[in-house]
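This report concerns only the one structure given below.
We call the chains A, B, C, D and E, going by the order they appear; numbering starts again at 1 in every chain.
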Amino acid sequence: MNEIINCVAYADGRRVADVNLQDVHTALKDSRQFVWIGLHEPSEEILDKVKQEFNLHELAVEDAHNAHQRPKVEIYNDSIFVVLRTMMRNKENHTEFGETHFFVGDNFVVVVRHGPSVPYLEVRNRCESTPELLKKGQGFVLYAVMDFIVDHYFPVVHDMESELEVIEAKIFKEKPSRETTEEIYDLKRELLDVKRAVSPLIDVCNKLMRFEIQCITEETRPYFRDVYDHVMRINETVENTQELLNSAMEANFSLISINQSDVSKKFAGWAAIIAVPTMLAGFYGMNFKFMPELEWHYGYFALIFVTIAVCITLFYFFRKSGWL
Amino acid sequence: MNEIINCVAYADGRRVADVNLQDVHTALKDSRQFVWIGLHEPSEEILDKVKQEFNLHELAVEDAHNAHQRPKVEIYNDSIFVVLRTMMRNKENHTEFGETHFFVGDNFVVVVRHGPSVPYLEVRNRCESTPELLKKGQGFVLYAVMDFIVDHYFPVVHDMESELEVIEAKIFKEKPSRETTEEIYDLKRELLDVKRAVSPLIDVCNKLMRFEIQCITEETRPYFRDVYDHVMRINETVENTQELLNSAMEANFSLISINQSDVSKKFAGWAAIIAVPTMLAGFYGMNFKFMPELEWHYGYFALIFVTIAVCITLFYFFRKSGWL
Amino acid sequence: MNEIINCVAYADGRRVADVNLQDVHTALKDSRQFVWIGLHEPSEEILDKVKQEFNLHELAVEDAHNAHQRPKVEIYNDSIFVVLRTMMRNKENHTEFGETHFFVGDNFVVVVRHGPSVPYLEVRNRCESTPELLKKGQGFVLYAVMDFIVDHYFPVVHDMESELEVIEAKIFKEKPSRETTEEIYDLKRELLDVKRAVSPLIDVCNKLMRFEIQCITEETRPYFRDVYDHVMRINETVENTQELLNSAMEANFSLISINQSDVSKKFAGWAAIIAVPTMLAGFYGMNFKFMPELEWHYGYFALIFVTIAVCITLFYFFRKSGWL
Amino acid sequence: MNEIINCVAYADGRRVADVNLQDVHTALKDSRQFVWIGLHEPSEEILDKVKQEFNLHELAVEDAHNAHQRPKVEIYNDSIFVVLRTMMRNKENHTEFGETHFFVGDNFVVVVRHGPSVPYLEVRNRCESTPELLKKGQGFVLYAVMDFIVDHYFPVVHDMESELEVIEAKIFKEKPSRETTEEIYDLKRELLDVKRAVSPLIDVCNKLMRFEIQCITEETRPYFRDVYDHVMRINETVENTQELLNSAMEANFSLISINQSDVSKKFAGWAAIIAVPTMLAGFYGMNFKFMPELEWHYGYFALIFVTIAVCITLFYFFRKSGWL
Amino acid sequence: MNEIINCVAYADGRRVADVNLQDVHTALKDSRQFVWIGLHEPSEEILDKVKQEFNLHELAVEDAHNAHQRPKVEIYNDSIFVVLRTMMRNKENHTEFGETHFFVGDNFVVVVRHGPSVPYLEVRNRCESTPELLKKGQGFVLYAVMDFIVDHYFPVVHDMESELEVIEAKIFKEKPSRETTEEIYDLKRELLDVKRAVSPLIDVCNKLMRFEIQCITEETRPYFRDVYDHVMRINETVENTQELLNSAMEANFSLISINQSDVSKKFAGWAAIIAVPTMLAGFYGMNFKFMPELEWHYGYFALIFVTIAVCITLFYFFRKSGWL
């Protein structure tokens, strides 16, 4: 069955045996053992089996099937249900979100993976290679996978910081454009999505650190403080990026206005430079009987000379005062 | 009577009998039974009967009659009074709001429906088809109807998300227009209305989950956590949409300015292209005695050629620098 | 004396006797009685008498005389001091604010009215007509007057909502104007004033509902929940209106910009339509020796025809692209 | 010595004797007495003496010397240290800030004045004239001086409200100008400074009202509620003014845009009125052989007439549509 | 070894001996002694030794090695781990951030310095010169270094205030420019970085002041209140500067618009002054048979005179109404 990635019993930090989902209850008779099950988008039947095997609450199992949850931790009498969002950057440089759910009880941890995310085989291997940590039990497994998920937030957030820098460069170095405005908006939208995944985790970690939850031993609790710390830093970075993005939007807007002002000035300058010879030409196109300049032999050339002189003067004047 | 939709006694999760409102007290003598009454915009007399039958607080009954309440839960000694807003999209694609009030006591639940909303017959049928759940009592009925109401918020909120996407497309793909601005404003207004209906529910659910309320049994409480979760998600979506809408408004504004700048540039470009031949023509309209070009046989055609050349050059120049 | 509106002793919900302020202490010897005194902008002497009669705290009495207080409740050992703002719309459609202060003790309630407000005779009559409620004591009187005051907030707030709608209509249907901007600002200012009167009441009601205040009996407390509810709704409406007003201001601003853009387009369009014939006329005003068109018999009329044709073409072109 | 303004022992609300700073400990042997010392920008030596005399904490004394503190109250074992900012309007209509520090213990109160502020002799006189209040002890002195300081905030804040009104008048009645923008900014800056002085006082008063501070007797505590109230009102006014100022800035900005739009319209209107006769004149400056109008005897006058007629028509048209 | 700056044992406030890191445990056998170790970007081995010597928590040591932490305090059973950010202005007038970590236990304090910061030798010297303070133990050392670090924030923050003043001067005295907008943005970015370093310290100080932390003696606690106070003031200044910067950005934006308006007016004014003579010249360029002015001997000069008169009149008119 493809939905069940793994189902292994551990004792004293060491792998004991691969168990069949049906036989889990026999494995759990030995109170020193705990079972770590990895599922991937499981069908209702599989979840039903898990539910019966571990006596889970109907509503939590329903949530685990639907997979459109906010990050949260729900504390039932003898088990907890944890939801996290996973993040991955796809090839088109967009962030894709998945979900991972955990059921943790006294002697089991069930990890349910939905949507795009890196598989957790790596975490399992790492855990199995440090038996002195893994023997802390199912609470440590919860920590290890959560830490793994949260560590994958960092590259996503750093990518967004880089995008912000690209936008800043565009705003301050290039001309204002529709594209920049749209990019700002898109980044804002993505940041909101990331924030929605990250910020509820502060509360989740707090609960895991503080509450008297049976299935998490006391020596495991400081580890969740570590996750908490990472989440705080990511959250801070996201909020910082949001704030800078807002400022960038305003700066962009100021520069659009300055740019508009520059266009007006440039137009005004050139309009003046063209208007003066037009006016002069109009004057000597008048039909007055007696206009002495018209009779001069070099009148025409004198006018051309004067016109050019005036235009050049205006040009230098406007350039000096920053209009051209 | 049309105001009383239903008045049924249940025992052990199963329908026992349709009761007459006057005879409710006899039905309630059997302590294993509870009564579920559905009312629709009841008259004062009906409410008065209900009040006396179940010994409700005067102020709560007054509220239930007026039907302009905020979502809330009020805890009296032996009963609670809950107010929820209902939402429906009408044919003109606007959201219509109704109200539903609940009186829940030890052995009764009265559901009072005001304004536009889907009838709750469907909930009753669903409840009756799962007697193992319905036997949890009147608290479960409260949950079932609340869940039904809150589930009807989702399509409304998703509609608004779609409207936002339409607006985004208009902002970034089409020209800025008065209509878009007005649509943004209207969506904002609707979102505020929805938020007003949804956000107080967080507090309502919290109270129902945590407080030691007699008439809600402990095993029913996790179900309200489910409603809480839905409300949180809807609330989050609404806030997200609001924030994006604000950004959309600012982006719209930036694009209006860029557009204005483009108009100015286009105008300036064409003005220059027309001003140059006008100036040239003015020159050869002068009446100087001695203007050699005027005497040339092909002077006129030369001028036309020069003019066209200059205009084309300007056109290419402006096009290259993005002014045309 | 005009400052003392009323001074009546009640027992068991029924009016016992009009008392003289000096004789209040004799009336209060009967522990079942309480006294309800109504004052209107009392002089220092009157307040002094009241102070001595009921043993009130010096600072509270000073506050009651000055009448520039924030809404608040102050709890002294054996009495409480409550301040509320009253609101009235005057003939020029502006909101006028007054103040009403309450001293409530074990067997008295003193209501001090300052500034413009509806007199409370109506409340007294209404209370006297429901002795079964009035017999709940001085706490109920406090509720009755507070409820009366808060009920008078509704028309003021609804007026402001209407004003907002008028402003919306002006923004979206008419041209942007200085007047609209000023009206938005004025409404904002008024809303801030109203908010200052309303929002501290949430805290006031909370204290009256929850605190163990001797002089308010437990059965009176749910009534303050009713006032609390009204205050919450008014406060919500005010905040909603404020938020919409902010959005309206931004929408207004967008439309000013779009309007400005429209002016520019219109100007550009007409400028082009006039510039083309001017240029053409300039051409045929040139003095080249050899210009064949000038010799044509119908050259002039041809030119006029061409000019008109070009102008009409431009006109249709600009109209189609929305510039005219 | 100029730094020691006063050093007086009080017993039972009455001045007992002027004491020398060195002899304070003898005066304090009588447990019914307390000492009130007034200092003005004291040197380190004086502060050192005070420190030893009353056994003050090193850090508090350091703070009192440096005088760049936020308003705060620090509670030590047997004494408290309070910092307040003082405000004064100088002749150039700017607000100047000073600081006043208090050391209050079981039988002493030391008031240290820094920077510009009204001297506290007036408070001392007022206190001495009401021995029945002064006998409440050093806590009452603390109240009296704090009340005096906070009362001096009112004129400053009212001045700022008047400045806002002046700015409003400029915005809505006059043309937008650089000066108005700068004035808005300056007022904002001043408001921030005032807010920094006022808002921490809310917390200070709260602590003085609620905490079990030995050196403030219980009957003095309601007096700090009075100061708290004043601080709340000032703070509210400052926040109100800030919010209105923000709205004023936005309104100003809208009006700048409307004004810009008006300039464009005016320009467009006059440009059209001048462009039409220019075009007409251009037409009759053409050199076509056959142009019948040119031959007419009154052609020229007819043209002038037509031109004037067209211009007047345009003028009325533009005026009607609000462009001129 | 360069990574270990110092490793000294103290007893009763006085330097006892320089110890070798390996021999620390022997030095600590004397319970009156404590060890103060200063490290600079230590290698993993050194940190490992320290970890074993003092029995530190694995996660804290990992943090101390990575050095990308938020300011925080973590409380373990028998030691605390504190992280602070350090700030320095470099030669290009930018702020550089470093980190300093502290491990504090019952008889040791380890200070780990990362990135750019002033060395702490100065603090050590100062501490050693006041043995009566240093004998308060390792808690006082923590205070002394924290105080030293926080004192170095002040010049950074004051520099930023000066930068704001430079920006204000540019906004209100010079023409709006792209550079000013970019400088505002850059300052905003730097302020956010500083805020990120400072604001978490409020919480850190609070914990150090209030929590029952064994390794900080009660008489050391008021000293952290001093650090708290400094942090509050710096934080306040940063927030103030941020708020003023936002207002400056808006003011800048208003002035850009006013400037744009001025450009339009100037352009309109000069356009009018040039358009009038152009129109007049056009008139007398018409070829009507009968135009009396053309025949006048001084017609031409009269026209020149009229033209100049009109232009001067217009010039004065525009100047008076502020358009030129």
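Please note the rule applied: contacts are C-beta pairs under 8 Å (C-beta built on N, C-alpha and C of every residue); 3 or more make two chains touch, one makes a residue touch a chain.
In this text the structure is predicted, and so the values were computed from the model without any measurement.
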item	value
Co-neighbours of chain E and chain D - touch as defined	none
Number of steps on the shortest touching-chain route linking chain C and chain D	1
Copies chain B and chain C touch via same or different residues, half shared test	different
Computed distance of Cα centres, chain C from chain A, in Å	41
Length of the line joining the C-alpha centres of chain A and chain E, rounded to whole Å	26
Junction residues of chain A, two or more chains touched	253, 257, 260, 264, 267, 271, 275, 278, 282, 285-287, 291
Chain contact graph, described as a line, ring, star, complete graph or other shape	ring
Running round the ring (origin chain B, first step to chain C), the chains in order	B, C, D, E, A
Residues of chain B touching chain A in the complex	168, 172, 222-223, 225-226, 229, 232-233, 236, 240, 243-244, 247-248, 250-251, 253-255, 257-258, 260-261, 264-265, 267-268, 271-272, 275-276, 278-279, 282-283, 285-291, 322
Interfacial residue positions of chain C with respect to chain D in the complex	57, 59, 63, 68-70, 72, 74, 76, 175-178, 181-182, 184-185, 188-189, 192, 196, 249, 252-253, 256-257, 259-260, 263-264, 266-267, 270-271, 274-275, 277-278, 281-282, 284-287, 291, 293-300, 303
